[in-house]
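Next up, some structures in structure tokens.
Below, chain A partners chain B and then partners chain C, in two separate complexes.
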Partner chain A sequence: MPNSVNRRSRLGALPWIFPALFMIFAFVLWPAFEMIRTSFQEVSSSGITQGWAGLENYRNLLINPDLPNVLIRTFIWVVGIVFFTIVISLPVAQLLNAKYPGRKLVRWAVIIPWAASVVMSSTIWKWILDPYYGVLNKIAMDLNIYTEPIDFLANPKHSFGWLMVVAVFVSIPFTSFVILAGLSTIPDDIVEASTVDGATAWKGYRHIKFPLIKPALLVAMAINLINIFNAFPIIWVITGGGPGYETDTTTTLGYKISFRDQDIGQSASMASINLIIILLFIGIFLKVSKSQERNS
Partner chain B sequence: MKKVTRLGALVAATGLIASSVLGTTAKAADVVELKMVAADYANMQPFWDDLSARFTKANPTIKVKVDVVSWETIDDKVKTLVATGQTPDIVNKGDYSAAAAEGLLYRADEVISKEVLADIVPTFLNNSKYNGVVYAVPDLASARALFYNKDILKKAGVTKLPTTWTELEKVLKQIKAKVPGVYPYALPLGPEEAQAEFAIWAGGNGGVLFKNGKWTLNSKENVQTMEFLKKLTDQKLTQPNPAKCDRTACAQALFAAGKAAFINGSVFLEGWLKDNGGASINIGSGSFVAAPGKKPVTLGVQDYFTAYKANGRKAEISKWMDFIFEPTNYAGFLKAAGGFIPATKSAGAIAAKDAKLAPFIKLLPSAIFYPGDQASWPAVKGAIQQQVGTALVNPKKTMDALQKKAEAASK
Partner chain C sequence: MTTLLVPKRQKRFTGKKVSLTISAWVLGFLFFAPYFQMLLTALKPQEEITSIPPTYFPKNWAFENFINVWKEIPLGTFIKSSFVISMSATLIVMFIAIPAAYYVARNDFRGRKPFLFLVLVTQMFAPTALVIGIFREIAKLQLVNTYLGLILVYAAFNMAFSIWILSSFFSSIPKEIEEAAWIDGCSRFSTLRRIVLPLSLPGLATAFIFTFIAAWNEFVIALTLTSSPEQEPLTVGLTALIGFYQVQWQYLFAGSLIAIVPVVILFASIEKWLVGGLTAGSVK
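Entry: the complex of A and B
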């Protein structure tokens, strides 16, 4: 008897969780399954499935001459952007937390790049950096810093740097607000007590505040890691991964393999490997953060 | 018992929904809707909407829904539609060979009347074959020439139009020295149309993309061509960023702003300039430059209507295609597209009286075309668009890499 009640109540929950379950199956699990399946299939350049291909797609991907550099670049991309985002967001969060007239205004100003769609922000940056019409060249030339317009995006080394700048720019608002949320949970009396005990501002931050915002910081880092790894629009809008393949990450390379090189199967295997890479990133991250917790 | 009734109700409800759905499709069966995806030459949507409305008036059982898509996204869009089982009936874009090779297309003679087919210019029809069978109906074509800004050339004291690479280099240097703030040649090797810029330059050196059944991207002539372009770029005779400079947003925009002296332009360049702020540019044109001792060439580019078998609408497609090629409708199509070379002899005869088009029509018989009949052409085109710009850093290395990609794509 109790058993059947139990079952009924479980079934009773179904209408409530069904929408969520449906979303997870329809928009996460099923597409992921299709992606992995496609990566083992041969797909014609028009998009018709021709049958199973075994590991052929993965083999083609591994001998793709552009892949090694793209992998290295993806690593620099993710680690570099997450690092600089956190380093800049920590003081920004302090600024947002401090009490001064006009704080609301500053908070709003920081939210704007976050509220704007990434494609919009990227498009604006693309035009800021434009060699012929861009405002950055205009300012520098009006100040006589140089006389011939510079194309900041022509040299792949520079353009990749600029892409990272834009990515940091769009990541700061979210990150600093998560840290701000952490900061605002710290009770005032703890901070006050530490000042009474003679802690300097820096010591108070280092030993009292920082450990307390650490959980928020870890959440921010994990979410940034995923976001930045998947950041397709920034690269696609500003450089399209070019010149050549020299500013591609694995995300944009996957798109190009499918729609430029017309190889959907190989592209699906790139996407599947992307999934593995991001899982690895998260795994390493969790391990490091756990061992840090143990140390502290 | 209770459960059973619930189940019963569910089955009944599903049945009701299913029957109502089936009912509507059964009713709709007497009106067929054709789906067409068309590239946006200029402002095509009003033209297609009007044409389709008039067509349905004449053929009440056939509706045509035309989706006009930008050139940048149409290949991706069609591919996605095919891959997800939403294959359109007719497509109007720049290639056909991969679809023909996979057996997705009707033959041209299955979907268009003999009279229309006989009216198509033979050169164009020749470029619409796969394995000797015509699978695509040419819709229009363009040819290229060397365009220049007369005012800049006057300021620089250039009196004779260059016809060889050597002469061009000299003239570009002269412009650079005498007219500061102007890029002597606008070189767009960015992804949008890099294959066109490359093909016409290489063609002037006797270089081709495909010869005797093989891709020849890293042929001696082609590598030499890129070496010459590298030389121009290194001497700052072009704008500084050829590898990321797209044709429309960069090269043509510079030309429209009076910031570039020479440009490789298509027949429609003048019309484009008028609509994009370059109406005041004093424009001239001549045949494109060739390497010393080589024959100058023009690059012919043609686009296509293709009909997909997936939905089995042969009879309806055929009616619609013939309707498009009715002389007044086809003239409307050409007008909406803006300044292209017609694909039919009858329309060509009228266009030959147009002073702007006439020289290009005359050039066409000797034009080089893309190897559009190769099934791997879309993939090779994609690779060239992505990468050929980087050949300005290391010509041989990039052309070798492209050759490898082309060979892999045609396996």
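Entry: the complex of A and C
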């Protein structure tokens, strides 16, 4: 809440907030409107609007034979990655919070995938997974896990799994730092009191720490949902969504329809459906943070 | 000395500490390893990169890769584009977000709540989700393949984070300090400049660095809005190398490291304030 309660008119605020409003309206909300409008238009492959198309674009999208599989895959993508990210980030955050020599270095190491561009992280993973020159096959073969190199990205089911591994890898840092922020607000005496009471480490975590970091966790989950749903570079760089559409999610599918197949109208209808899903996620996020405000 | 008094407890404690330390270091190494692999590959000569079976470490350390990369690929041009675009977007964000955040932090006006709601919602919008709309708009404005197109989009999408984090810093400054300055005859603007901004330096640094890095790392919009090597930022320019007949991985990764290292250092410096800004005040 503001410190001073001068009720000023809207006009008084305008010079201060107008530029920000302008940027948001012109380059965030207008593109959203433009995209939804395009989804109802007939657009030539060179990008010229030919007139209204009614629901034609949506019809074309729904009869797209690849759509059902892409939808199922997107669901697995979002739920799987968010689940594994959270489950792994919880112990990771514990380790980042504990006291031991070199903690600062460990924290810095975990920050790298968060700070580095996801495109570049994806590129190195593509190289690590390379069947002939990649280090992953080399390590596995040196450890005698198997003797012939495996092409991790040859089978779409396997390559999609590896894409998810990379997505979990780049999502853990942010998530564990959010949980860490929650952990570091827990006063030491609460933890000590629980050990004095004879609670085991696991019970102490489950009943004392976990409820206290739950708010942080929910927020991290909501933000991850949106980020993972929109994740583009990982798929684009490592498999390009291929072969065919077999490792695409709705985000990369929408992009391909538009910038490769040149069907901008159909792509806009895919993206508009995506936008509605994101708005649902945002609604969840707002609800979660509202209920937390009330609880705190 | 305490070990003599309670030897058993102390010993168990040390054993636990050792395993804790080891697991933390292993964890740190796991996250560092891919980038270490990037470095090792960037330091291999071409013939070692394509040798089967591959090697872990270069036999001949090709440190000259980091010099040759500037000639082999247009790295200088990519960096220049990335820097100009990111810096311009960041400056626009700062100029626009500071007054907005200050006003929101200090005044209760009609429309304050809807404004903050709008900001919060746009923070959740990823440009990826709107890429087709953005492309149509930028094409209409005839800004495809220009720095300006990317600058405007990046500034708009990163506005929200800066407004949030700055307004939380501004409202933590006691109002009395400002009032004292007003009594001394300072105008609102000079109070902001001389009192509020110097007191919120960590917030300013966080907003600045975060916006810069977000623009520096962005990929989808840059991929869509640029198509010539002169305008392409690093993320797009370097990835385009993968499409070549023979990928020169050592240069691709040398270039990537040159792009990543400064960003990681900057990022680590604002980590403390970052989480609060990204979760928009929900994590206390």
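Here is the rule we use: the second predicted complex is superposed on the first by the 260 of 296 C-alpha atoms of A that agree within 3 Å, B and C clash if a C-alpha of one lies under 4 Å from a C-alpha of the other, contacts with A are read in each partner's own complex, and residues count from 1 in each chain.
The rule is simple: contacts are C-beta pairs under 8 Å (C-beta built on N, C-alpha and C of every residue); 3 or more make two chains touch, one makes a residue touch a chain.
All values reported here derive from a predicted model rather than from experimental measurement.
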{"item": "First, second, both or neither for A:259, with chain B first and chain C second", "value": "both"}
{"item": "Partner chain in contact with A:151 - chain B first, chain C second, else both or neither", "value": "first"}
{"item": "Touched chain A residues, chain B compared with chain C", "value": "C"}
{"item": "Partner chain in contact with A:131 - chain B first, chain C second, else both or neither", "value": "first"}
{"item": "Which of chain B and chain C A:52 touches, first, second, both or neither", "value": "neither"}
{"item": "Partner chain(s) touched by A:83 [first = chain B, second = chain C, both, neither]", "value": "neither"}
{"item": "First, second, both or neither for A:65, with chain B first and chain C second", "value": "first"}
{"item": "Which of chain B and chain C A:245 touches, first, second, both or neither", "value": "first"}
{"item": "Touched partner set for A:105, first chain B, second chain C, both or neither", "value": "second"}
{"item": "Chain B/chain C common contact set on chain A", "value": "47, 132, 259, 264"}
{"item": "Complex interface listing, chain A residues touching chain B", "value": "43-48, 60, 65, 131-132, 149-151, 153-154, 239-246, 256, 259-264"}
{"item": "Touch list for chain C against partner chain A, complex", "value": "17, 20-21, 23-25, 27-29, 31-32, 34-35, 37-38, 41, 49-54, 56, 92, 95-97, 99-100, 102-112, 115, 118-122, 124-126, 128-137, 139, 152-153, 155-157, 159-160, 163, 171, 174-175, 213, 216-217, 219-220, 223-224, 234-235, 238-239, 242, 249, 252-253, 256, 259-260, 263-264, 266-268, 271, 274-276, 278-284"}
{"item": "Residues on chain B engaged by chain A in the complex (per definition of touch)", "value": "75-76, 79-80, 82-84, 98-99, 102, 104, 190-191, 239-241, 243-244, 253-254, 257, 259, 375-376, 378-379, 382-383, 385-387, 389-390, 398, 401, 404-405, 408-409"}
{"item": "Residues of chain A touching chain C in the complex", "value": "1-10, 12-13, 15-17, 19-21, 23-24, 26-36, 38, 47, 92, 95-96, 98, 100-103, 105-121, 123-128, 132-135, 138, 141, 169, 172-174, 177-178, 180-182, 185, 215-216, 219-220, 223, 226-227, 230, 232-233, 236-237, 251, 254-255, 258-259, 264, 267-268, 271, 274-275, 278, 281-282, 285-286, 288-289, 292-293, 296"}
